[in-house]
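Take this structure, written in structure tokens, and hold onto it; I'll ask about it next.
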Amino acid sequence: MIVGRVAGELTSTINHPFFDGRTLLIVDRETPDGEPTGDYLVAVDTVGAGRGQRVLVLDEGNGARQIVGCSTAPLRSVVVGIVDALG
Amino acid sequence: MIVGRVAGELTSTINHPFFDGRTLLIVDRETPDGEPTGDYLVAVDTVGAGRGQRVLVLDEGNGARQIVGCSTAPLRSVVVGIVDALG
Amino acid sequence: MIVGRVAGELTSTINHPFFDGRTLLIVDRETPDGEPTGDYLVAVDTVGAGRGQRVLVLDEGNGARQIVGCSTAPLRSVVVGIVDALG
Amino acid sequence: MIVGRVAGELTSTINHPFFDGRTLLIVDRETPDGEPTGDYLVAVDTVGAGRGQRVLVLDEGNGARQIVGCSTAPLRSVVVGIVDALG
Amino acid sequence: MIVGRVAGELTSTINHPFFDGRTLLIVDRETPDGEPTGDYLVAVDTVGAGRGQRVLVLDEGNGARQIVGCSTAPLRSVVVGIVDALG
């Protein structure tokens, strides 16, 4: 799993029906010290994370599908926690 | 999942039968700001994306096979959405 | 699998219930010579590893779920051993 | 999936029985413009690709095993097509 | 799959029981020309590979578990062959 910060949302009209009503977050990857690594990923929110919050992201398809309760979801990355502290 | 821009198509005559009649897109990876990262991937289209369009790509085999409805597809990357906006 | 050193813990209040009572470790990746690579990952502890210890990390979801005995765990990385020596 | 060019073959006498009689190709990764990226992978041939040919490679274990028709194959990367054109 | 050279062994006393009696090898990744890439991985030996030998490594969990005949093994990387020649 990796840590990142929510940078915004992705809006998409034409897409797979699974994404209807789901929030797709842009998450900038960060080091444990909070420095951006320059990399990012797009993850489905499951904890109500908002812009600027530090989050824990699971980047693995089978686990991601378990979280959303849908074994056929076209999904790889999910925000699974909001980070309070690191250290 | 990642975001990229459709740069063109891949044409292949000798290949696995699964690819017959499917469109294989070259997708250049981009940052959320729209800068190319220099990396790319080849993805099967499922939303009718065309050259120059910004797309959401799922890069995970089991989810990709669910989308095309074929549990035996030799597949890892699928375009699952057209991006309207990021931010 | 990869080798790293425990740099600390991640604290998260709002998260998936699976993480309740589990220790999430920040593991800095290292070369076999013990130099940090600059990369890290967040892994669930299963061997009682503490800060500063060198550990073996499995970074693969299906195997990780087997270790914790939960086929639905939202999990990819698990500390599976404490390293005594390399060489 | 990624695109690369066949650079040669890997010969191995002591190995897992699955590899007996299979051709293992060294595939140099390339950009869509045909520049080598400096990275490579070892892939099982399934389309009769030869040295110097540009190929499409699937780098995902479950799909790779479907292609060779063996659910227990120790396999991750398979050449699934010969590339005619990109663009 | 990737090619590397065995640089040594990893010793671990406190670990998952699966690793009891198994040899964990440190494998330095190499280019097809035999230059180290600077990256490495830890892999379970299945072919009797020794220090300095060039090996083929499968880095994928489900296939790795098939090789060791244990569907619950906490495992991702396995040495599956000794390389005689590349080219």
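Labels for the chains are A, B, C, D and E, by order of writing; each one numbers its residues from 1.
Here is the rule we go by: a contact is a pair of C-beta atoms (placed from the backbone, for glycine too) under 8 Å apart; a residue touches a chain by one contact, two chains touch by 3 or more.
Since we're looking at a predicted model, the values are computed, not measured.
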item	value
Averaged-CA centre spacing for the pair subunit B and subunit A, given as whole angstrom	20
Distance between chain centroids, defined by C-alpha means - subunit B, subunit E (Å)	32
Residue list for subunit A, restricted to those that touch at least two other chains	61-62
Overall pattern in which the protein chains touch one another (line/ring/star/complete/other)	ring
Direction subunit E, origin subunit D - full chain order round the ring	D, E, C, A, B
In the complex with subunit B, residue positions of subunit D that touch it	1-3, 31-32, 46-48, 56, 58-64, 66-67, 78, 80-87
Subunit D residues within the subunit E interface of the complex	7-16, 19, 24, 26, 28, 40-43, 61-62, 65, 72-77
